[in-house]
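In the two complexes that follow, chain A is the common piece, with chain B as its partner first and chain C second.
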Partner chain A sequence: MRTQPVFMTFKKDDIINFVVLMTLAFIIIPMTVKTDYWYTSILIPWLCLSLAAIGQQIVMGYTGQLALGAAGFMAAGAFACFNLVLRVPDLPFVGALALSGLIAAAFGILFGLPSLRVRGIYLMVATLASQFFIIWMIDKFGWFKNYDTSGIITTQDIVIFGKSLTSPMEMFFVLVVIVTVLTLLAMNMARGSTGRRWMAVRDMDIAAESMGISLLRTKLQAFAISAFYCGVAGALFAFTYLKSLEPVAFDIKLSFKILFMVILGGLGTINGAFIGAAFILLFPVVLNTVGNNVFHGSIDATIISATEQVVFGVLIIVFMIYEPLGMAKLWDSIKQRLFGRNSKESEAPVDQADVGKQGS
Partner chain B sequence: MTEKRRFPIGDSILELSNISLSFGGVKAITDTSFKVRTHEIRAIIGPNGAGKSSLLNCINGIYKPQEGTITFKGEVLSKINPNFIARKGISRTFQNLALFKRMSVLDNILVGRRLHETASFIEVALQLPKAKREEKQNREKSEEIIEFLEIQGIRDTLVGKLPYGLQKKVELGRALATGAEVLLLDEPMAGMNVEEKREMCRFILKVNDELGTTMILIEHDMGVVMDISDSVVVLDYGKIIADGPPDEVRSNQNVIDAYLGVAHD
Partner chain C sequence: MKHRRQRNLVLTFIAAAASIFMFTQNASAQESQYFPVASSRVGPYSAMGTGYYGAQIDYMNYVNMNGGVNGVMLTWQECETEYNAVKTVECYQRLLEKDGQRIVVFDTLGTPGAYAVINRMAEDQVVLAQYGYGRTDAADGRVWPWVFNAASHYWSQIAVKMKFMAEQEGGIDKMKGKKIVHLHIDSAYGREPLPAMRKIAEDWGVTLVEISIPPPGLEQQSQWLQIRRENPDWVTFWGAGSGMNSTAMTNAARVGFPRERMIYVTFGAAEEDMYPAGDAAKGTYAMANALPGDQYPLVQRIKEQVYGSGKGNLADEKRVGSVYWNRGLGAAVMWVEALRIAQEMHNKVGKAVTGAEFRDGYEALNMTEERLGEIGVKGMVAPFAISCANHEGAGKFAMMQWDGTKFVQVTDWEAPLDPGFIRKLVEESAAKFASENNITPKQCS
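After this line comes the complex of A and B, so read on.
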């Protein structure tokens, strides 16, 4: 039986997790991690890409729409943010960020339209078009790049409360705050009526419709919110990690990376977005370190990167077949073993008596 | 049946007039008309492939009949799609189960509360008072239904992991959660044993008695049909061959020839 009131979105477990994570982000990491490398190369891109993975999670994991074009929406967000900061000097950075998300969301709605007609692999191809269209548009019209001809534009400084962020640690802090807020909002949606509609459309669209759910509205809403998250993620990715803007940084490879994060992390879990992003980012680093330190460079770099691809490929197939809930589920099982706690994603035991009676 | 009903059978609430439906060359329903009265349990019976499910699909807007009209509470249903029909107050279950398999029992039933949710996604994301209040009410209502159907033990289980009989119950729960005036039940007792069927009958009768919900029920088990229905429509090859109270239908020669003559189960 359940001990907490059933109508609370957040349970005791979540609050504990939240406190642990915030302590980690604001006390333990700043105290222990002193090298900029960890911030600039691991933590900052991890948070940005996790946010994009949440976007992908919403449309794919929750709503079941096989969309592939997260990087396109990221590009839209990044260039929107650049132009807003450039052309509207009075706009605070966070405002520019939110508007960038909204602009990306508009693209999300536009390119979500095919989902009303096609599904599966056909939708994947259709959404791929969004990727190419957005990149093409940015390349085609010089205005988006402020008529820069060098090819690479440097992003402006991030100014928050009148102060320019300079150190990687400061950027990390700001990112933690933004990503935490957006993650909480995503969790509220996912666990509330909004998320139930997404999942209903994913699992059985005709039944969802028969319950009074509009497929059109639900799908387009999911695309819009997904693109919003990707747009904000793209802007943050450009401003805190790349420090520059060029369309090729948001190519199809990045879209695939984000897709893999969601599959490996676990479809239909917000945690999975973070776990998947961490894995995709850290795995090559670990592989390289092992290659260099254990084998002292005797292994060719091309072999290492080939290994990386093979391992990703195999893992994705394995997860697709055996564990669609991905690493988030594995993590849950481990946690349960260690602490004996049941978390949200793990199933409650079936009442034996009740099932027995049915004589299944 | 008890003599005095809390919700006595009233006038027609749903009226099908000259419905015809075909798939390519296959005529599933031919020029079919019948009425359903408020608060009654209306059974539709007939051999396999007679067009019973197709008829429910027409009422619920999944299929568009090529001809004919459907009138609900005096209004001809103009837009034919399931979402629109649901909003009018008609809900349903499916012959081959159409549950949300990767969601828990409670979440499945909560989806049934869809039309009682008005908070936008922004209100949900920010957990504004309206969203919280609605969620609380809908959860309470869903818990009531879970209790009514006696499935508390599986409330948090993923529906896809449940045995068939329990899934049928959950689907009834989801339909009940909508609070619809009319329920369309497509073989709610198919594949159940006697015990389970009896339980299901009890639920159906109780809902009809306590809430006055009008039910249109497809069922193959003649015993069940005779027991719980107020009136019966018999379909054969997409045409109505009999329509009336259960005992009248049972003794109808056409029905005996077409349906009862054919061994079922």
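After this line comes the complex of A and C, so read on.
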């Protein structure tokens, strides 16, 4: 009389990975990284965007639905969180965060509906509506912005157990805890029966349906969970990184960035979301720093800035050609060679062609 | 083979990452003051960014060539923001400290970027110098001690525009029943003047029609058809980026709306915005908080010394003296003047100052006609003074008109008809912000 297990089973590798990462996050980083720059400009936005990339990963990498509009859900989550903290005074921050994720999830279900009828590139166009509708709605109705004349509002401080956390390191810890919990949950879902259903739908939806998997339920579930992650990521992005809120920050460019993170990181992998986010977010920073330090004064600054963009674009192309399975695959093969261990991932990376097939 | 390629790739990454830490050190025994240049040289706003930040670098070079500020040399570091709020935050953090010295001032040249960093200023002790952009109610220095919008904010700007219309129509009583279209980019920046504009329109009995254009604003056909239907007497255009700004003029020409009835915002009032529209641009009015032209003595000296020795920042020297370049010069002049005052106020002549000391110097700026003359920019900007409570400065603008090849100044520096009214709006808005965020306004004696 055994039903499906709720939690995934852990292997020795998983536990080692977990311990290593947690030591890194809670002991090594706080001890070695002292400058605020690294927390506020690198680690905090990286964690936030990784979370959003996980959301995109669920709907695109696991379920195979080409959705674009993660930034719209992020905006929904961010503004929901602002309004919840503002208007419901007794609500703790984590509660507000969870609720804003749920509000984003409701939007996710709404804008996931077209996925039942359209596929592939057409779905991408249909989900774009979420991007524009949510931003338009926030812009149009002053209530969401508490009738601020300028339209750009300041976020409140994060208060947990009566203490307001404002220093970069404190916010980093808040983020690490939330991201850890949500990442474990995502891995749990991806490896469990939920993930199996997503992948079945991704690989061939007709076959999945004939196996008794409800397409409606699976697809909408994926959209809802994806939007939940994006919503929480958006709220955290606004509260810990931007510290201000304006709809323009969540424009279509951000949606594309999150899409690129997932593709470059490796579709259908959770660690790919983190690696992809790091690449898309950090590489322009690295290039700009190198450009300004090495070529400072010797080359026209305008040319340096333009060259950085070209180099970044070329790098993306090079990556896609030489490692189409994404950086997660690259990381795996490096790990394999370094430790000589055969890491058998239970979550097999998807072939790019699989997602493409859906479109045809 | 494949392994070697991968290893090389990894090594390249490590090398790139490592070079972040290897800042080229400007080791010098001389006293120096460090400034950030958060430039925006790529993307739709590149004309603005290259001109404005180019002028700041040119002026700092010029000051260094002439012995610095009482012997203190100016150093700077650049960071590309792409006019993006998220990147601006990263740049701010990156530029914040260099060689153990902290920045004393920050200039984003963009309202979104300014809002993204505005709340960090008091804690980090950095002055946010918004040169004619950014948060309007920061003009109330009691609530915003660290933020300035000297060189006048958007509410004064719209009030001066409406005053200009009234003068053209023959008085405020003649404005009754007239119709104005506010055609703006659909962003916080585009809506920023509306609170003041709506109130003035109501007082004067003017019909105000607000039409928005979604960013980036290159599609304006439907908006201009709507304008043709509305048939307004005036259009106030609030756009951003050369593409959007020139598109509006070509569309106006297409529907036959007279360009002499269009008034452009300061961020559409540059040569780079006018050239792409060709003949369609002729007659368009535009506002200036720093007038273009290279006849000013300081501009001449920079051309001679900085560009003469090949150290100029602009690739095209002809842009020296253009609107954005002169505006950047106006901003940089204020930095250096504030630094000079700060050194004197705090007995640190010839030494670097802290953010708090610089702030005092900035607040004590008093750019009289004579002082502007000494610096060599008399007439380029309106004379102004900043005080503890008033962080706006002059609150004055000059109207220019495009004659097909250059801007011609048509009015002198004009203040709004009722500056007290604008000030009241600013104080109300600042007070609302203060009460929402539990800020006790500073006492200004």
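Convention: the second predicted complex is superposed on the first by the 307 of 360 C-alpha atoms of A that agree within 3 Å, B and C clash if a C-alpha of one lies under 4 Å from a C-alpha of the other, contacts with A are read in each partner's own complex, and residues count from 1 in each chain.
Keep this in mind: a residue touches a chain if its C-beta (ideal position, glycine included) is under 8 Å from a C-beta of that chain, and two chains touch if they have at least 3 such contacts.
Treat the numbers as computed from the prediction; the structure is a model and nothing was measured.
Enquirer: Counting only touches as set out at the top, which of chain B and chain C does A:Asp90 meet: first, second, both, neither?
Expert: neither
Enquirer: Looking at A:Ile225 after the superposition, I want to know if it touches chain B, chain C, both of them or none. Which is it: first, second, both, neither?
Expert: Once the two structures are laid over each other on A, A:Ile225 reaches chain B alone.
Enquirer: First (chain B), second (chain C), both or neither: which does A:Asn292 touch?
Expert: Touch partner of A:Asn292: chain C, not chain B.
Enquirer: So, A:Lys243: does it touch chain B (first), chain C (second), both, or neither?
Expert: The answer is second: A:Lys243 touches chain C but not chain B.
Enquirer: For A:Ile206, using the defined touch cut-off, is the partner it touches chain B, chain C, both, or neither? Pick first, second, both or neither.
Expert: It touches chain B, and chain C stays clear.
Enquirer: In the superposed view, which residues of chain A touch chain B and also chain C?
Expert: The overlap between the chain B and chain C interfaces on chain A is empty, containing no residue.
Enquirer: Where on chain B is chain A touching in the complex?
Expert: Touching chain A: residues 60, 62, 81-83, 85-87, 91-92, 94, 98-104, 107, 110-112, 114-115, 117, 119, 121, 124-127, 131-132, 134-136, 138-140, 143, 151-158, 161-166, 174, 178, 193, 196 of chain B.
Enquirer: What residues of chain C sit close enough to touch chain A in their complex?
Expert: 3, 5-6, 10, 16-17, 19-20, 22-24, 39, 41-42, 46, 50, 77-80, 85-87, 89-90, 93-94, 96-97, 111-112, 115-116, 118-120, 135-137, 186-188, 191-192, 194-195, 215, 313, 315, 429, 436-437
Enquirer: Please output the residues of chain A touching chain C within their complex, sorted ascending.
Expert: Per the touch definition, chain A meets chain C at residues 35-37, 40-41, 45, 139, 146, 149-152, 154, 241-244, 246, 248-249, 251, 254, 284-290, 292-294, 296, 300-303, 305-306, 308-309, 322, 330, 333-334, 337.
Enquirer: Under the definition above, what is the set of chain A residues touching chain B in their complex?
Expert: Residues 6-7, 9, 185-186, 188-189, 192-194, 196-197, 199-200, 202-204, 206-215, 221, 225, 268, 347-348, 350-351, 353-355, 358-360 of chain A touch chain B in their complex.
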